[in-house]
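To start, I am sharing the structure in question, which I have written as structure tokens.
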Amino acid sequence: MLPDDIGLLAGIEIHQQIDSRRKLFCNCPTAMRVTSEHTGEFSRYLRATVSEMGEIDEAAREEMRDERLFTYYSYDTTCLVEEDDEPPTTLNEEALGICLQIAKTCLMTPVPQVHVMRKLVIDGSNTSGFQRTALVATDGTLPGGGLIETICLEEEAAQRVSDAIFSLDRLGIPLVEITTSPCMHSPREVRDVAEYLGMVLRSTGRVKRGLGTIRQDVNISISGGARVEIKGVQELDLIEEMVEREVTRQRTLLEIREELHRRDAKICEDAIDVSTLFAGTSSGILKNASCVLAVLLPGFGGMVGREIQPGRRLGSEISDYAKKCGVGGIFHTDELPAYGVTPDEVAALKEAAKAREDDCVIIIAADRQRAACAARQVTRRARYALLGVPEETRKMLEGGSTAYMRPLPGAARMYPETDILPVSISDARWESTVVPPLLTERAKVFTERYGLDEGLARQVAFSDRLPLFEEAVAAGIRPALAARTLLATLRELSRDNVPVDRIQDSSLIGALLAVEQGQAAKEALPDILSALAGGEEISTALGRLAPQVATADLDDIVARIVGERKAFVRERGMAALGPLMGIVMKEVRGSVDGQVVSKALKDAISRELSV
Amino acid sequence: MSSIESGDLVSCRLAGVERKATYITSRDSYAVVKLGSGYNVGVPFEWISRIGAQEIPAPAQILVSQDDSLPPLSIISTGGTIASRIDYRTGAVTSQFRAEDILTAIPRLGGIARFRTLQISSILSENMTPAIWQQLARAVYDEVAAGVHGVIVTHGTDTISYTAAALSFMLTTPVPVIFVGSQRSADRPSSDNMINAVCSAAVATSPLGEVAVVMHATSSDNSCAIHRATRVRKMHTSRRDAFASIGNRSLGHVAYPSLAVTLGVDVVHRGSHALSLRDGLEERCALVQFAPGMSPSVLEGLSGLKGLVIAGTGLGHVSSAWIPALKDLVAAGCTVVMTSQCLNGRVCDRVYDTGRDLLDIGVIEGEDMLPEVALVKLMWVLANTASLDEAALLMREDLRGEIAMRSAHAT
Amino acid sequence: MSSIESGDLVSCRLAGVERKATYITSRDSYAVVKLGSGYNVGVPFEWISRIGAQEIPAPAQILVSQDDSLPPLSIISTGGTIASRIDYRTGAVTSQFRAEDILTAIPRLGGIARFRTLQISSILSENMTPAIWQQLARAVYDEVAAGVHGVIVTHGTDTISYTAAALSFMLTTPVPVIFVGSQRSADRPSSDNMINAVCSAAVATSPLGEVAVVMHATSSDNSCAIHRATRVRKMHTSRRDAFASIGNRSLGHVAYPSLAVTLGVDVVHRGSHALSLRDGLEERCALVQFAPGMSPSVLEGLSGLKGLVIAGTGLGHVSSAWIPALKDLVAAGCTVVMTSQCLNGRVCDRVYDTGRDLLDIGVIEGEDMLPEVALVKLMWVLANTASLDEAALLMREDLRGEIAMRSAHAT
Amino acid sequence: MLPDDIGLLAGIEIHQQIDSRRKLFCNCPTAMRVTSEHTGEFSRYLRATVSEMGEIDEAAREEMRDERLFTYYSYDTTCLVEEDDEPPTTLNEEALGICLQIAKTCLMTPVPQVHVMRKLVIDGSNTSGFQRTALVATDGTLPGGGLIETICLEEEAAQRVSDAIFSLDRLGIPLVEITTSPCMHSPREVRDVAEYLGMVLRSTGRVKRGLGTIRQDVNISISGGARVEIKGVQELDLIEEMVEREVTRQRTLLEIREELHRRDAKICEDAIDVSTLFAGTSSGILKNASCVLAVLLPGFGGMVGREIQPGRRLGSEISDYAKKCGVGGIFHTDELPAYGVTPDEVAALKEAAKAREDDCVIIIAADRQRAACAARQVTRRARYALLGVPEETRKMLEGGSTAYMRPLPGAARMYPETDILPVSISDARWESTVVPPLLTERAKVFTERYGLDEGLARQVAFSDRLPLFEEAVAAGIRPALAARTLLATLRELSRDNVPVDRIQDSSLIGALLAVEQGQAAKEALPDILSALAGGEEISTALGRLAPQVATADLDDIVARIVGERKAFVRERGMAALGPLMGIVMKEVRGSVDGQVVSKALKDAISRELSV
């Protein structure tokens, strides 16, 4: 647990894909594709445009350091709009409607007239070089009283296939972005809010499910620290850990700052060429590089190697910056000798750099241009260490630590998307927007009304198959049977590689109804469902796997079987029930419910015994 | 509220909360304001109240030095934009016409040439008129006369081919006159403006010596095509590679990013022609496309017409019902030229009856000219010939590559 | 001399020598005679004197038997010819419309289907009218109602795509209705008629269930393309492969000589629609292409117009000078639809000012419809809707594949 | 020499390509190309159209036996007109003018209005399936009084590259066709007329030269024989031989007919399948064939093998017919045993065919379909042997014999070319048509006026360089110098692989003028011309190879050289002239004519001797 006085302030942004029929600004389906199926390919450059100040956004400038060529894959499910070769259509009204539902659930107020904006993003993930986004509603409330600042409707970005290759299938899928104020004060609270908002989104029944369809960004700062935005947190379970580690990172960076100030640490701006020192080294990286530069950080000794998060040191942060110049990484004397660098070489290096005991020397091996660039980045990050915590956009690593990604964007570079007409949200529209019952509320109803236990009720409510469950119950199927079948049976079949996705909803309900009406035993359901998944017609499957057995027929069968085994029944008494059950069930081949068979058999045995 | 101006600081009551915002404009009776987050929203005018003007930061002074050792080029702007600047505060996009602004926006230009710039109009290209074509022709003439090595004309793509064709006829030029535009506006990071601009500069300094249009050759940013002004047509509403040479191969290509210019064997080379200007245009000309069942009464709206280009069907046909009306037009001194709505291929009115009827009444076969180019040519020919017979002769003669005497094989 | 008739035996004094010849016709006041060698020459009428009529050998009686086990097809002739016969004596070429004549000329047809034939007109296709479209639609309706498995319509290529589009709208059909023509006349050994005809028969017996045009896919005799009637355009005056599907892929191909039909995934299949006919057409419609500087006065010739399709520039523009005139037209009850002279790509009038002005005055965006198809559709929509609002709605809706809601990538 | 009473009647058709700037019906140049340079390729079928009689021309029917796919090569010098994908232009007026010149030279009368016709030709050599041809003038006279029937202006056909592949470069080049009546009665006369007409054509100076640009067809019949048309005679020298051989052929065929009648020879129509007889043969052809058919020709024994022309037998004629079905050829018993067929096999064959002593059996080896087709052709040709000489179109073989090509076309299937407007030939045009002086007349002028000997005069007149010769003479160059240079010198240089074609006419005349004006020695001409061919400027070449030497300078040089060799001159006397010439000529390096040097040297020697 973290101490209370650290002044943690956290907010989240949730990005959730909407499951609409078409994309936000074109008529393509919102289908994700396998990249090998792409049918077209083209390449483009993106350039940051000159702003009114003759300046380019800092994040954009970093992205465009090298003018980069991006390649895009297109599909028979994408069109010229995603390719930035046709103007967008009008705003997808279906997606806007879903967005309004979410806004209303969050007690927000819609803006009277929605304007689509262009937000500059030139990392290649948008063919246009901007992301289209519209502010739809503001000022909502979280259950704990926190403020939801805004809900925006945006277009999803293209998915990165590899370095500079993007796939256009995802580009343009509608995305809602919910932004809270920095109103959370503990890791647990962050996780709870994320979970709550996720539940709200799923309550609409109109959002995408599955990996990558929902992403959280978390903003974190502590007293004396700085605002850091951590992108792309996909697993709820890691949020707490990640927040805790970030607090640790910021606290340790502040401690390092204090120590550096105490030592009167400095930065030597000029890198020294130490290539000749390593001419005969056995370190492969140094040997292969055409240039090795050294940066002296007076007073940094021991600090660069200090752990600030599990698996991360100040050196890692410095290395993150250096890597932006295309170098593989850095070495620093806090970690040397190691990696094939000998004690003698370290000594020579320190001497060459005129390093004292508590100094640190950082070396960079690359070609001259990259090495020089990296050296400047090293001094830049080292300078931040003297100031404390830099404002940054970071990405989450496995386990919950984070790494530097790019500077925090400045005031967002947004300007109007003139190709798209604004949309007014009339009072009438807002009033008629239906707030979907929350999944948590539905779970409660399932417990109260249907008698499902709380765990199962929640499972049903949060399941993809919720609509089917509700349809089944409405058709007269007992909730418990429906829930068990939809959750347990189908999951088990799926584990056995039965393609349960191929079962049509109507067939599934038909099978459940057959059980409900006594035409099929529930024991026969796995076989029936497997047959349906295999493409069999419902009537054929029922006829084959659950032939009609009338009650009279059952009595006959039971009487015959007991009659043939009188001695056995006499000998065992009621204990004969178990063995005989199997025989009868096999005979009726799933067409009679086990309980019914059991009762008939019990009666028959009683009668035999009572003779 | 009319005292509010774009850029003013306002107070805006949104969701019951007062917040500061920048007033942008009025749209569908809503006040559009930009919030602190950068988002625009439309609100009733009653929700906002003016606080005051905001200080507008002066644009940073940009120092651009041009390299005097490079060849001089002129950039003449007509409304098409190759550089623009966004005011993120108001969302306004302004086109940039000064050499220093263009070179700041597209630094690579500075390595190709040194530039003079001139803005002669600032209109959407659908509002272009023959009068502006003439003004442009004179401006290009003056620039070439002043000794530049090539001229780049920035132009909206909608009618760029009409204007380029008009200049082809009005001007003979020893140096390349290159028309360029962009299919994506210059304010977008994905705009084709930059590549089209540097490629057009490469062509303007190349050994070419005629009027051409330079635009993206493919949807990818890998090359631009050089189209002869009299054979090019916009063949897609929105794609970057919308422009196509019809009826012959393009004049060549510019590879990007290498800027290597490859010219075909049939191009007119730099210095082949002396500079001259004949800028007369007969504006009383029209282009009419025939469709089946279409009444010849459409010709009645064209009274006083001196020249008519018909985009006929197939080899150059109209229905028999049109023959009398056309005969009257010709008799009234109107020069009528037949082209084909097929766009590709040659008109030949000798083959079928209605065609022979057209020839009999004096309709001129427009060979394989594009209908739009035939219209522009007719305007020019009628203003620059002494007799209708001479005009008729010139319309069938290849003056600027607008007619190919041979139709090449293409698969 | 007026008593001489084509085919008469004459004596002709040529180079001072009397010789027998056959009189053919009069041309430019010369008598055209065929000499014994087969050559025609023109001589003054004074040089010839009639000897008498020549016996005309009766055409050999051709016996063609049709295979009753094959599916029945109808061939409806409108003037386009798939079979013809030359009278070498007079040089006259006569079109053949009877099933037996067609099967004699193109024997392979007999192995594909059995045929009924019907001739509804015999005109050059530029003389086609909406009235004949209607007559044709009714004829096709009757044939399909009578149970044929497919209909082949022979049509001159000039306006075949207009007629095919018109039938697409007037008719819903469970069987293929295939338009076919030839770019080289049927009397030539090199004519494309035979291959186009057998390929169209292959398509007429295929699983297709919509109106299509079948013509050569390449300049070689190796395959025909199947074009959707609402997406096809004649794109060359004279080449065999003049027809192109614009804005989408063709519906499929027929390989020659195998006659294997390959259909794309997006085709309408046989039996998808019930047979029905709504043959109303509002003829008071026109198509006008805008050109820069063009005066809106051209619209004045179109008085009483109920529908106007504009082929605008680029994304669908006209000059600002046109806005008031168009506003008046719309106010007078004329439905105005904007398409693009680029032919490819989608109209979008939201992007630029003049476009937004057009939307404001009620001009309808024609999406990615071909201008000519939009004209035909407008004629049909206006005659088959109760209100202008409904008409406007239908014009933006895809009814027969004329609008693609998504613009596919093509390199 | 042939006997007079054979009743030989012969006529010729001459086809000559016109050297116009553009083709007859399009604007392409009339340039022949190397096929490997083709830039496009397409394939088409051609079909004979049904005539008014429901009949197809016999020749056309034979050509279309298999519907054949033809492939065409196109070039950057061909266009859509040659491809039959664009209507033709109007008739080339330049070509018509040249045609009228020829007609007028031949004393013909033009037709008042020229109509272009389509003549069916579906062998693939015309993409349209017809050849465009127009009758331009009629009724001319040959020097001997024979009748020239017609002159037509036609389009040249495409050139066959191989079997079914044609090259479009040649298609459409204007061609004049001059047809004489069958007014010649001896082989010599045929040759003379052909030579005369060739000379007339070349007199225009506007016809193509070189292989394949002129072709003669010869029509031949003898009494009792039949009209045979022999195509494509390209070498004048072979005409006499060819005519003689054709007469021999027809006479021998008539003799064979007599013998067959005497023997009461017949044809057995039904072929016999003798495949099994040759199951174990060592004849490769028979072994590899799936079917061997035998045709019995009773009474033909010995006749099939009889020679009818050098290297040709009746069997060859039969074989020609059979080959039209795609078989390689035939065997007949007059030539067997041979080709790996054993005497035993021949005996077995004769037995199987029930052949008597003076019968002939013909065997065909192929697949069943082709063999049956060939068998029908064999009986067809054998039947003609009973009738005498068949009317045929034949092609000339190397040496002057001929082979069957196709039946003689029937009444030509011609109908109007409606795409081309008729052209009227006004009286004024005819009157202003210039008759070019005949080359023979010009040769006479050269002899009479310029004093060239008759052989050289004729050589000049008939040479390609005639126009240049006339230009040179007009410029003041002595005719003998011009003639020798243009004919001898250039030919010699050409033999030495100097690219003399690259010498511009103006440069050549410049060089000759330099000689004429004493600025260069004529001995220097070969070097100067070589330099010009190598691309040197005329002034540079003259400066380098013939520097100016004034007469005074020459005298100085001669005086010096003689002065230095006084002893030698004294010793040898005038015989020193020869050795000293070489020394002086070397010094003046081609700038002074040898005769001038000789004279100066002679004077100087005389002076020295006279001292």
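Going by the order they are written in, the chains are A, B, C and D; count residues from 1 in each one.
To be clear about the criterion, contacts are C-beta pairs under 8 Å (C-beta built on N, C-alpha and C of every residue); 3 or more make two chains touch, one makes a residue touch a chain.
These figures come from a predicted structure and were not determined experimentally.
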Co-neighbours of chain D and chain C - touch as defined: B
Set of chains whose contacts include both chain B and chain A: C
Centre distance in Å when chain A and chain C are each reduced to the mean of their C-alpha atoms: 56
Chain centre separation (chain A, chain D; CA means) in Å: 83
Distance from the mean Cα position of chain C to that of chain B, given in whole angstrom: 34
Touching two or more other chains - residues of chain A: 42, 80, 83, 85-87
For chain B, residues contacting two or more additional chains: 218-219, 237-239, 315, 345-346, 348, 409, 411
Category of the chain touch graph - line, ring, star, complete, other: other
Chain B-facing residues of chain C, complex: 124-131, 156-159, 162-163, 218-219, 234-239, 242, 283, 286-294, 297-302, 311-321, 340-348, 352-354, 368, 371-372, 375, 409, 411
Touching residues (chain side chain C, partner chain A) in the complex: 315, 345-346, 348, 350-351, 405-411
Chain C-facing residues of chain A, complex: 26-28, 39-40, 42, 74, 76, 78-81, 83, 85-87, 90, 418-421
Residue ranges of chain B in contact with chain A within the complex: 14-17, 24, 27-28, 30, 32, 35, 37-44, 47, 57, 59-60, 62, 84-89, 91, 93, 104-105, 183-184, 186-191, 194-195, 218-222, 237-240
Complex contact set, residues of chain A against chain B: 42-55, 69, 80, 83-87, 108-109, 111-115, 117-120, 122, 127-130, 133-135, 137-139, 150, 152, 411-416, 422, 424
